[in-house]
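Once you scroll down, you'll see the structures, which are given as structure tokens.
You will see subunit A twice below: alongside subunit B first, and alongside subunit C after that.
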Partner chain A sequence: MEDILIQILNGLDKGGAYALIALGLTLTFGTLGVVNFAHGALFMLGAFCAVSTHKLLTLSVKVRDESITYFEAYKEQPYLEIWWGDTGTAIIDYAVPISILVTIPIMLIIGVVMERGLIQRFYKREHADQILVTFGLAIVIQELIRTFYGANPIPTAAPDIVSGSAAIGAFFGLSENLVYPWWRLIYLAFAGVIITAVFSFLKFTTYGMVVRAGMSDRDTVGLLGIDIGRRFTTVFGLAAIVTGLAGAMYVPILPPDYHMGMDFLVLSFVVVVVGGMGSLGGAVAAGFLLGLLQSFASMNEVKAIIPGIDQIIIYLVAIIILLVRPRGLMGREGVMDD
Partner chain B sequence: MKDDKDNKKKWSRRDILKASVALGAAGATPAFFMKDAWAENAIGNYPVKGKTLTLGFNVPQTGAYADEGADELRAFKLAVKHLNGEGKDDGMLSTMKPLALTGNGVLGKKVTYVTGDTQTKSDAARASAKRMIEKDKVLMISGGSSSGVAIAVQGLCQEAGVIFMAGLTHSNDTTGKDKRRYGFRHFFNAKMSGSALGPILKKEMGTERKAYHLTADYTWGWTQEESMRETTEALGWKTVKAVKTPVGAGDFSQYITPILNSGADTLILNHYGKDMINSLTQAVQFGLRDKQVNGKNFEIIVPLFSRLMAQGAGDNIKGILGSTNWNWALKDAGSQAFVKSFGAEYGAPPSMAAHTCYVQTLLYADACERAGTFYPPKVIRALEGFKFDGMGNGATEYRAEDHQCFKDVLVVRGKENPSSQFDLLEIVQEVPRSQVEYDAKIFGGDLGPYKG
Partner chain C sequence: MKIISLKNDYVTTLLFAVVVLLAPIWLSPFGANYPDLLQKFAIFGIFAIGYNLLFGATGYLSFGHAAFLGIGSYTAVWCFKLFTMNILPAIILSTLVAGVFALFIGFICLRRSGIYFSILTLAFAQMAYSLAYSVLTPITNGETGLQLTMQDPRYIDAMAGVVVPEGLPSTNLFGISVNGYSGFYICAVVLILAFFISLKIFRSPYGLKLAAIKSNQVRMQYTGFNPRPYLISVFVISGMFAGLAGGLLAAIDPLAGAERMQWTASGEIVLMTILGGAGTLIGPLLGVLVIKYFENIFSAINESVLHEAFSFLPETLENVVVFVTHLFVGEGWHLSLGVIFVLVVTFLPGGIMELLGLIKQRYKKFRSESTSTSSSKTESKGEK
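For the complex of A and B:
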């Protein structure tokens, strides 16, 4: 029982990350019709917003280790700790949550610049051209990050207070072995909040309603005198923020490196395809579904029956869905049908 | 005219018989005793044309191990400087014993190099090595940060008749079932890691443990798991489960959650690089190190440690036991000479990958000097069974049977209170070479012929 419960939690936690990334990708595709292969890079850039925030907060005085004479060995003491003592230490400890405030404007700017500066020039081009240019952009971004941050993953911890595990089993009167990392639970809740916020924005605001109208019929909305292009630029910025936040909050779970965007790119496309290209609800549902399936497929009992299933389950499901229902679980009619 | 004709020696029956016997005897004489039996025919890129000797340094310049590759490249460049007598000092040339090198190139030729990018992919590494052999005419290839790559390039070098001095490769297979006559490994291996760790695990964790393995699903991971199981089961530990994980899985949580309820009290992470960083980080997040199971503190072991990787794991590495080939904090003269030289050149200490690449380059060059030729079969013979010291791991021997170097191995632990940004691992014990030696026959394999 505990094993099942923990795999459900694990699946939801994974699904939260998949859903957030896929949500951003679907927003881009649904509004602009662009297949954005640089989407993974946005996730990685978000993660590096958190890393940079941490680096900024830990700018330090270097105290030389005099016992080492062959090279410059030093211990660092952050200025914040020198100036503000325990308060400074606490601020550094909360670098990742604080980075949310930094990530939002930076990702908005990156999103808008990316859309206005490059992607808008490819709206009327073939999907193959869009894929090539966005994939090229992704490589440029990741190599820039590698140049500045190196190839090794950079550890950035969650605040101390949530660095351990929550004793969920003990809380519910089950086994004490049923524990789950606090930060992953926070990530799951965070994903829920962001998904709800995006849906509320699109559903309950006039701006959102116009965007949805534009997604359904861009030409008609344009004929009504609405500058839908400008709103779509904003939506691209919003997609960048959602994806960037997903990356920033993921940093304590997975120490980021320059390649993490590529690692998530294929997966996010699979989620979107399974959910249905252009369907926001489908992306979220598929994210959680695939997270759960991946988690259960990794159980030793399941692998004993079908060895290696953990490594192929996501792609297997994608193949089946595409065969049975080419437009995906909740795909709109006409999208990807031809 | 007549006299001349009569005087002309005619072949008698006796002469023919003598000649036949002489020819037969010559034919029956073992080639070993004959002049030019080891005639230096063209092999690979031998003979060397021109006044320079070109070496090929094939390292990961992109991909997950790019930082490690960059450090390897720094070490190679430093080695070339020292070989040509162009360094700020002589590095390990001042400590290596015996030493045939003079710091004036190799056999009178200046050493130059070309570089390639393995991308830590076997096919890319082979393509890069092939280019070095065919276009750049290199005589020796070195480098790499993966056993998969090392085995692939080693096989190519055997076919091409070019010596391969492996960089960082820890799989037993490199000098085991996949060993090659043209391949040499200075780095230690998984079997040696297990042998070095065994007594310390017994001392610190006892003999009644239940171990759970997470293993990278490729040649290195398999042999690492096999060696650690052999070691721990010999101690009396039970293996609860050994689970293969895909390389580059990223999020290992779905593999960690089953451990919580498995009854295991020890997790052995047969992961390296980014996988090790991620799985260790996540294992700590899942509270494994805070758990008590079977009345014991839950422990995590990382059999292969690297300082560069320890940086990526941050505080999670603290207190974790593992093994390593070499560490810059070693106090022997060879290590100190290398650290001083590398530090002066680059402002940072060398990694264990850098150390092994530097040593490999010097060993190859020294073997050429001792052989008096670049002819690969003779250089191979000069390396086989070569005993040396002053290169950082005590008295060392390149075992002739499998081309594996035998030397002291370090057992290390993630340092609780680092004194600097480089001071991440503390040396628990320098395990003597005698403790990590094993019979070359146990892994099988065949070195193959000397002539390509």
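For the complex of A and C:
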């Protein structure tokens, strides 16, 4: 029972990340009709926004270490601690949540520049060309990150107060052994908030309504005198923000390195395909579904029956879905039916 | 006159063979005349020719071709371990095994087209990669990679009574060593064969069917052809080429690792094909030549070389220039590759071959303008 509960939590948690990434990907796909292989790179850029924020906050200077008296010792002390004392320490501790504030504008700029600079040239070209150019772009971003941050993963801790585990078992009156890391719970909640925000933006605002109209029939919206291209640029920026935030908050769970983007890219495409190309609800549902499936497949009992299933379950599901129901779980008819 | 035109398959192949076999000579001015690199040229050339048969001819963008390369490598190493150090059975076997896998994967993936096909091949390649790393460790030796050991049985060699020298035996082709130039010439012969096959395919009715698939599948069906058998067979052929390349790769260095199967490795062959010019005969080979060459040259450049090269500049400027160029060479040569690739796809979708065509056109126009002769000479020259 506990095992199963833990696996459900694991699955939801993984699913939250998958859903966020896939949401961004399907937003760009559904609106712009562009297959973006640089999407994983956006996720990675978000993660490195968090890393950079942490680095920036901990800019240090060499000072005399007063606690050691019998020889001259020096230590690195962050400027923030010197200037503001304990407040500074607290700010550094909260580097990852603070990085959200940095990530949003940076990702918006990156998204808009990417769309205006490169991707808008590819609206009229074949999907194969779009895949190729964004794949090249992903390589460029990945290599730039490697040049500036090195090849090793950079661990960045979550705030101290949530670094432990939550005793959810005790809270719900179940076993004491049922504990779960706080930060993962926070990530799950965060994913929920972002997903709700995106959906309500598209559902309840006029701007979102126009975007949705553009997704289903671009030409007619254009005939109504609305500059749909401008709005789509914004949507691309929004997708970049969503993906970037997913990456930034993921940093305490998985230390980012330069090829993280490529690793997540395949996964996010699989999620989008399973959910149905261009379907936002499908992407979210498929994200959670695949997350749950993956965490159940990695249980020892399951692995004993089918060895190696945890490694391939996601791809297997994707292959079956594509063959049996090419539209995906919730894909609309007529969108990319090839 | 007809016989010696480029339209004749044998003449083209002969010309190609001469160019390839003389590669050590015409590549030496570029500093690319050493066996390791030449072997890489030839092997990846085979891989690219095979990939071009699928992507160039039919337009199906596969992102999982490295899986066949990996399968070929594993098969070849197992062949060395179990049977004999002679590379001939190994490369034949690796081609066949890759073909079997390609048949299975192609049968499933080719039910979809467009980006769904790409994603399906991607999923299969990632599956192969993850399995090679985890459950299949008894076969693939996981992260360490599959290697020869002293305990290998090598049944055929043992039966034939081959004397094993001290240490690990090395691969050979009926006693010819595959290291150094002899290795290159073995690969080159295979490359020429591969080129001939691809030429025959492109210029056959079968090749025309493939072109029909690329331009309009629905219309092709209306004329009474079922595209599916053509697609599956070309997928298998192209997978076999990849397996052959993988087998050769293992033959010159008997070691196979799972990273050869990762999807970014598939991406590399896509880069080479596009950069050279997909769909043309020579283009993919040019792409291989350019990418592998610059990989070697750029990777070797380090900061001190750059400082020397730019030492004529004032010091501050020199440092700036060195800092910027340093991003693009040495470790960061992939960055230059990515930038070039993005530019090529954006502005020159036909790759190097399109560039050559443009230059030829300009030159023709320039000549006809300057001599102001009548335009009667501008006859169509056919493709290349």
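Methods note: the second predicted complex is superposed on the first by the 325 of 338 C-alpha atoms of A that agree within 3 Å, B and C clash if a C-alpha of one lies under 4 Å from a C-alpha of the other, contacts with A are read in each partner's own complex, and residues count from 1 in each chain.
The rule is simple: contacts are C-beta pairs under 8 Å (C-beta built on N, C-alpha and C of every residue); 3 or more make two chains touch, one makes a residue touch a chain.
It should be emphasised that the depicted structure is a prediction, and the values quoted were computed from it without experimental measurement.
**Q** Once both complexes are superposed via subunit A, do subunit B and subunit C end up clashing or fitting?
**A** By the criteria stated at the top, subunit C and subunit B clash after superposition.
**Q** Quick check for you: in the superposed arrangement, does A:299 touch first (subunit B), second (subunit C), both or neither?
**A** Touch partner of A:299: subunit B, not subunit C.
**Q** Using the superposition on chain A described above, determine whether A:33 touches subunit B (first), subunit C (second), both, or neither.
**A** neither
**Q** What is the contact status of A:183 with respect to subunit B (first) and subunit C (second): first, second, both, or neither?
**A** First partner only.
**Q** Tell me which touches more residues of subunit A here: subunit C or subunit B.
**A** Partner with more touched residues of subunit A: B.
**Q** Could you look at A:315 and tell me whether it touches subunit B, subunit C, both or neither (first, second, both, neither)?
**A** After superposition on chain A, A:315 lies in contact with subunit C alone.
**Q** Applying the touch criterion given at the start, work out whether A:6 contacts subunit B, subunit C, both or neither, answering first, second, both or neither.
**A** Once the two structures are laid over each other on A, A:6 reaches subunit B alone.
**Q** In the overlaid three-chain picture, which partner chain does A:74 touch, first (subunit B) or second (subunit C), both, or neither?
**A** Only subunit B; A:74 stays clear of subunit C.
**Q** Give one of first, second, both or neither to describe whether A:157 is in contact with subunit B, with subunit C, with both, or with none.
**A** Once the two structures are laid over each other on A, A:157 reaches subunit B alone.
**Q** Choose the clashing stretch of subunit B with respect to subunit C from the list 81-89, 351-359 or 441-449.
**A** After superposing on chain A, the clashing stretch of subunit B is 441-449.
**Q** Overlap of the subunit B and subunit C footprints on subunit A, residue-wise?
**A** Shared contact residues on subunit A (touching subunit B in one complex, subunit C in the other): 146, 259, 311.
**Q** What residues on subunit A touch subunit C, complex-wise?
**A** 35, 118, 121-122, 127-129, 131-133, 135-140, 142-144, 146-147, 259, 262, 266, 269-270, 273, 307-308, 311-312, 315-316, 318-319, 322-323, 326, 336, 338
**Q** So in the complex, the part of subunit B that touches subunit A is made up of which residues?
**A** Touching subunit A: residues 62-67, 241, 243, 246, 248, 250-251, 253-255, 257-258, 260-261, 274, 277-278, 281-282, 285-287, 290, 308-309, 311-316, 339-340, 342-344, 346-349, 418-423 of subunit B.
**Q** Write out the stretch or stretches of subunit C touching subunit A in their complex.
**A** Against subunit A, the touching part of subunit C is residues 59, 61, 108, 111-116, 118-120, 122-124, 126-127, 130-131, 133-136, 263-264, 267, 270-271, 274, 327, 331-332, 334-335, 337-339, 341-342, 345-346, 349.
**Q** What does subunit A use to touch subunit B in their complex?
**A** Touching subunit B from subunit A are residues 2-3, 6-7, 10, 13-14, 17, 65, 67-68, 70-76, 146, 150-155, 157, 163-165, 175, 177-181, 183-184, 252-255, 257, 259-260, 263-264, 294-295, 297-300, 303, 310-311.
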